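Common to both upcoming complexes is subunit A, partnered first by subunit B, then by subunit C.
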Partner chain A sequence: MKKRGRGIATIMFGFGYGEGFPDHSIASAEVEDEGKILIRTAAADVGQGVLTVITQIAAEVLKVKPEVIRIIPGDTHLTKNSGSSSATRQTFFTGNAVKKASEGLLSNIYHYASIEFRSNYVELGIKDGYIFRNDNPNNKISYWELAKRVKEKGDCLKAEASFFPHTDKPDPKTGQGEKVYVAYTFVTQVVEVEVDTDTGIVQVLNVYTTADIGKAVNPKNVEGQIEGGTVQGIGMALMEEQVVKEGITLNPDLTGYLIPTSMDTPLFTTRIVENEDSEGPFGAKGIGEPATIATAPAIANAIYDATGARICDLPITPEKILKALKEKRGDCKE
Partner chain B sequence: MTKLIIELTINGKKKKVETTPSTRLLDLIRDDLHLTGTKEGCGKGECGACTVIMNGELVASCLVLAPQADGAVITTIEGVGDDKGLDPVQEAFIESGAIQCGFCTPGMILAAKKMLEENLHPTEEEIKRGISGNLCRCTGYQKIFDAIRLAADRLSSRDGGRGEEDA
Partner chain C sequence: MKKMPKEYVGKNIFKVDAYDKVTGKAIYADDIYFDDMLYIKIKRATYPHAYLRRIDISKAQKLPGVVRIITAADIPWVKNFGLIIKDQPVLVGVGQKMRYMGDALAIVIAESKEIASKAVKLIEVEVEELEIISDPLRAMEKDAPLIHQDGNILATHYLEKGDIKKGFAQADVVVENEYRTSFLDQVPLQVEAGVGVFDPETEIIKLWVATQWLHDTQADIAQSLSLPKEKIRIIQPVIGGAFGKREDISVHIHLALAAMITKKPVKLTYTREESMITQSKRHAFIVRAKTGATKEGYLTAWQVEVIGDTGAYASSGPAVVHKGMYHCTGPYNVDNVKGVAYTVYTNNTYAGAMRGFGATQMAFAYESQMDILAHKLGIDPVQFRLQNAYSIGSSTPNGQVLTHSVGVKETIKGAVDLAGWEEWKEGRL
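And now, the complex of A and B:
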């Protein structure tokens, strides 16, 4: 018989290294030749989209089109430390470093332009890579012309910045601290499953997600992270299990260690909550790892709702479900 | 090691390549022909990253020996789209956000192209099944389905919904 059920789970996730580690990111922004603005960062884009995010941030701050931004990423000769692409930290840390470097560059643009225009910076306007006096917008200088003039004076139109927030080491006894992580992402998922009580096979039908990520710098990327993380969570909940015997992995391949395929993908409904409550760039927080965490407990709850079987060790394989149903087990006592 | 020479047509170009009986087609494509768009994932036909189209069929190039490709017509990801622009399937992948790390993407795009060549009006179920031999660890597949749907809609409206082979 096929039985349906729903389950819910809510998680909070403190991101960045936190716990008093000297976690930080360095970035620079400079006006370079041929109509480009160069951002240097060592942040590794492994597909999560950090380079898209920082392109947007730099373009927003410097009031230019995204095409104007050029990035030198991850070259040890040309970039400084941005920390690892882990701990759900790059949008927050490198996003902030790039925002601060871009703001530094913008300040320098105002500074040098006010000298050029023999004017005060509050009387200057900026649009599409040009700076001008508000009382005469037609008399404008491009960032690149300004950079040339600055260079003739022996200076350079650039800025470097780092984002280096303070966190506290948690008390070893209580695990508590004043500020253990820079910020927290919150995710709630409701999962709807169908359990075949003859075979024990679980199909995840629908996943409804709300995520409070402060600000979605790139909503499509955020959705992609949530969908990808959720499908990894489905794998964790239902199929992924490394079998180790005497130090040897017995299933070191994708026939023995199953991961979700396109056939295992549910329908997604995702709502993003933009509650700007942190020091993140434009209020943004991280979504990489938080996207994975709620799925497995929500699925376990949904299976319980559907069948009355409460299974507490992952993955919840068909064998475990059939065994629990046979024993009419409603709790986790073995 | 015995050497032998095979001839194949790859991305519309005839090539003569010296190889060995135990060389995999994947290695011939990547190492000898320097077409590194084709990726090696698992190396045992489970993940679909090394997918190419050989004589009109999707194959895992890690499971094909190079001599088996003698006389074959092969399309790799480099043969999709041209200097004038990207293929509609590639454009749809970019627009839909169907690419994250990109490692599965060449195989996914070839699988999607092959599916749409056979069926320009796939159902959601047919789309899922059409790429079920290609694993993706990043996207959760949803945006890949969206991309294939977008490409199918565009291609079918372009050829008036007739579903021609060369659409």
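And now, the complex of A and C:
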């Protein structure tokens, strides 16, 4: 018989390395030749979209089109440390570093332009890569023309910045600390499943997600993270296990180690909660890891709701469900 | 406070790397090619826990097309590597221990991948077998043989907030359960791969290998090879997925050594099998959780014991397991919390970082506990979560008081609203 059920899970995730580590990110912004603005960062784009996020942030601050932003690809000899693309930290850390570097560059643009215009910075405005006097917007200088003039004076139009928030090392005896993580992301998922009580096979039908991430710099990207993370969570909940017996992996291949395919992918409905009150750039927090965390428990709770079977060891395979149903077991105890 | 609309932030601009990826222009490490490039394969451990007594490369070396085979005896100056603790050998030498099936015994460099693979099979190895410890509970026993000399419990972390005894005394209902999660592979589509080139003029080793943290990887390679950091230049190819698996050293040091010794460009690409056996896993967790609540449905106490199987080497393990514990209550107000977390060596594939870093495993435990408690108390699981959820001023298991950006309740209300939770419940009655 096919039985439907729903489960809910709400999670928190303290992001950044935290715990008193000297976690930081360095970035720079400079006006380079050929109509581009160069951002240097070592932040690794592992598909999560950090390069897109920092492009948007730099474009926003400098009032230029995103196409104008060029990012140097990661290279130890051309960039400074940006820390890891892990701990859900790059939007928060490198996003802030790029925002501050862009603001530093913008300040210099104002400074040098006010010399060129023989005016004060308050009388100047910027748009689409040009700076001008507000009382005569037609008399404008492009950032690149300005950079040339600055260079002639032996200086250059660039700025470097870093984001280096303080966290506390927890007390070794109690784990207590005033600020252990820079901030927390919160996610709730409601998952709807259909369980075949004859075969034990679980189909995840619908996933409803709400994530408190402060501000989505790129909402589609956030949705993508949530969908990808959820599918990874479905794998963890229902099928994935590297079986190691006496030190030997029995399934070191994708025939024996199953991961979800498009056939296992549910329908997604996602809403982003934006309070914009975090210390991240424009109020953003991270979503990378929190995107996967709620899924496995929400599925376990949905299976219980559907069948009354409570499974406490992952993955929840059909065999485990059938065994629990046969034993009419509604709790964890084996 | 209403924020001003932004021009680009908050907008769905196309991903800047999408065009190259969908048109096939993106260059991944394995796409990089040099004309006179040599290929590497690694001879791996033959037993999960054993002393290497003899390694004989003579037959392998005679195979036509084999350029060089490097064993530990050739590189006595090379040091161990590791993210937190430098406990991982670049090559296991005679008299040293192999601790899992991914340990490297020799670097085989040949004119083609096929020749290198054949040569690996011709390397003869004699080992002295030791007890294999595959279960962290066995590893923690007093009479268990030591995998590393300082003991099988690599790290112990504690958590204590409020008065746990008082908390359970206040509880009308207590639930106690054990949860288990399994070893997972991050399964990025691209397996570990890289190309290395040694420039004899500058003596800089250039490595094209994907990593999640360029400068950390550079530092670990440099210390292992006793070289100044500037002699190791890592250039990120297109990375693809990572999910934590590209934090650890994989092909890097072997590539650097092969490039230095042969003075030729070298390439090393793992097979999927090698990737799964050799590189980090999500920790398998055992979580024993005991949770108390009043009959009105307010949490009073939460106690956990966490055992994280970190496998043969530390990797990120000491950080992962306690981070899980630090999230043990989920986003709920609990005045009395107590926990202990053990990070334990075994002879399994080492465990490290994977999306959620211990907090993912822990969420399975705490959200199962919350559901079990809600049913036991006869309270709707949504209501139960809402009435215990954090708000501004709440304090985490670490005692961190949350002063801003605490949208937990909004997420609960939002998800329930999206799902039509109430209508669903009514429809079932």
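Criterion: the second predicted complex is superposed on the first by the 334 of 334 C-alpha atoms of A that agree within 3 Å, B and C clash if a C-alpha of one lies under 4 Å from a C-alpha of the other, contacts with A are read in each partner's own complex, and residues count from 1 in each chain.
Keep this in mind: a contact is a pair of C-beta atoms (placed from the backbone, for glycine too) under 8 Å apart; a residue touches a chain by one contact, two chains touch by 3 or more.
In this text the structure is predicted, and so the values were computed from the model without any measurement.
A.B. asks: What is the contact status of A:V217 with respect to subunit B (first) and subunit C (second): first, second, both, or neither?
C.D. replies: A:V217 sits against subunit C, while subunit B stays out of touch.
A.B. asks: Using the superposition described at the top, determine whether subunit B or subunit C touches more residues of subunit A.
C.D. replies: Residues of subunit A touched, subunit B against subunit C: more for C.
A.B. asks: After the superposition on A, what does A:F282 contact: first (subunit B), second (subunit C), both or neither?
C.D. replies: second
A.B. asks: Where does A:T230 make contact in the superposed view: on subunit B (first), on subunit C (second), on both, or on neither?
C.D. replies: It touches subunit B, and subunit C stays clear.
A.B. asks: Regarding the shared-chain residue A:V180, is it in contact with subunit B (first), subunit C (second), both, or neither?
C.D. replies: Touch partner of A:V180: subunit C, not subunit B.
A.B. asks: With the two complexes superposed on chain A, say which partner A:T261 touches: subunit B (first), subunit C (second), both, or neither.
C.D. replies: first
A.B. asks: Touching A:I115 in the superposition: subunit B (first), subunit C (second), both, neither?
C.D. replies: It touches nothing on subunit B or subunit C.
A.B. asks: May I ask you to decide whether A:G49 touches subunit B, subunit C, both, or neither, giving the answer as first, second, both or neither?
C.D. replies: Both partners, subunit B and subunit C.
A.B. asks: Can you list the residues of subunit A that meet both subunit B and subunit C?
C.D. replies: Shared contact residues on subunit A (touching subunit B in one complex, subunit C in the other): 46-47, 49, 220-221, 229, 232, 253-254, 259.
A.B. asks: Give the list of subunit A residues in touch with subunit B in this complex.
C.D. replies: Residues of subunit A touching subunit B: 46-49, 220-221, 223-224, 226-232, 253-255, 259, 261-263, 265, 268.
A.B. asks: Within their complex, state which residues of subunit B touch subunit A.
C.D. replies: Checking each residue of subunit B against subunit A gives 42, 44, 46-47, 97, 99-102, 127-129, 131-132, 134-145.
A.B. asks: What residues of subunit C sit close enough to touch subunit A in their complex?
C.D. replies: Within the complex, subunit C contacts subunit A at residues 3, 6-17, 47-49, 100-101, 132-134, 157-161, 177-185, 187, 210-216, 218, 229-230, 232-236, 239-244, 246-247, 272-273, 276-277, 281-282, 319, 322-323, 325-327, 330-331, 339, 346-349, 353, 355-357, 359-360, 363-364, 366-368, 371-372, 381-382, 385, 389-390, 396-402, 404-408, 410-416, 418-419, 421, 424.
A.B. asks: Going by the contact rule at the top, pick out the subunit A residues touching subunit C in the complex.
C.D. replies: 6-14, 17, 42, 44-47, 49, 51-52, 55-57, 59-60, 63, 66, 71, 73-77, 79-87, 170, 172-181, 183-184, 186-190, 192, 206, 208-212, 214-221, 229, 232-233, 235-236, 240-249, 252-254, 257, 259, 269-271, 273, 275-279, 281-283, 285, 288-294, 296-298, 300-301, 304, 310, 312-315, 331-333
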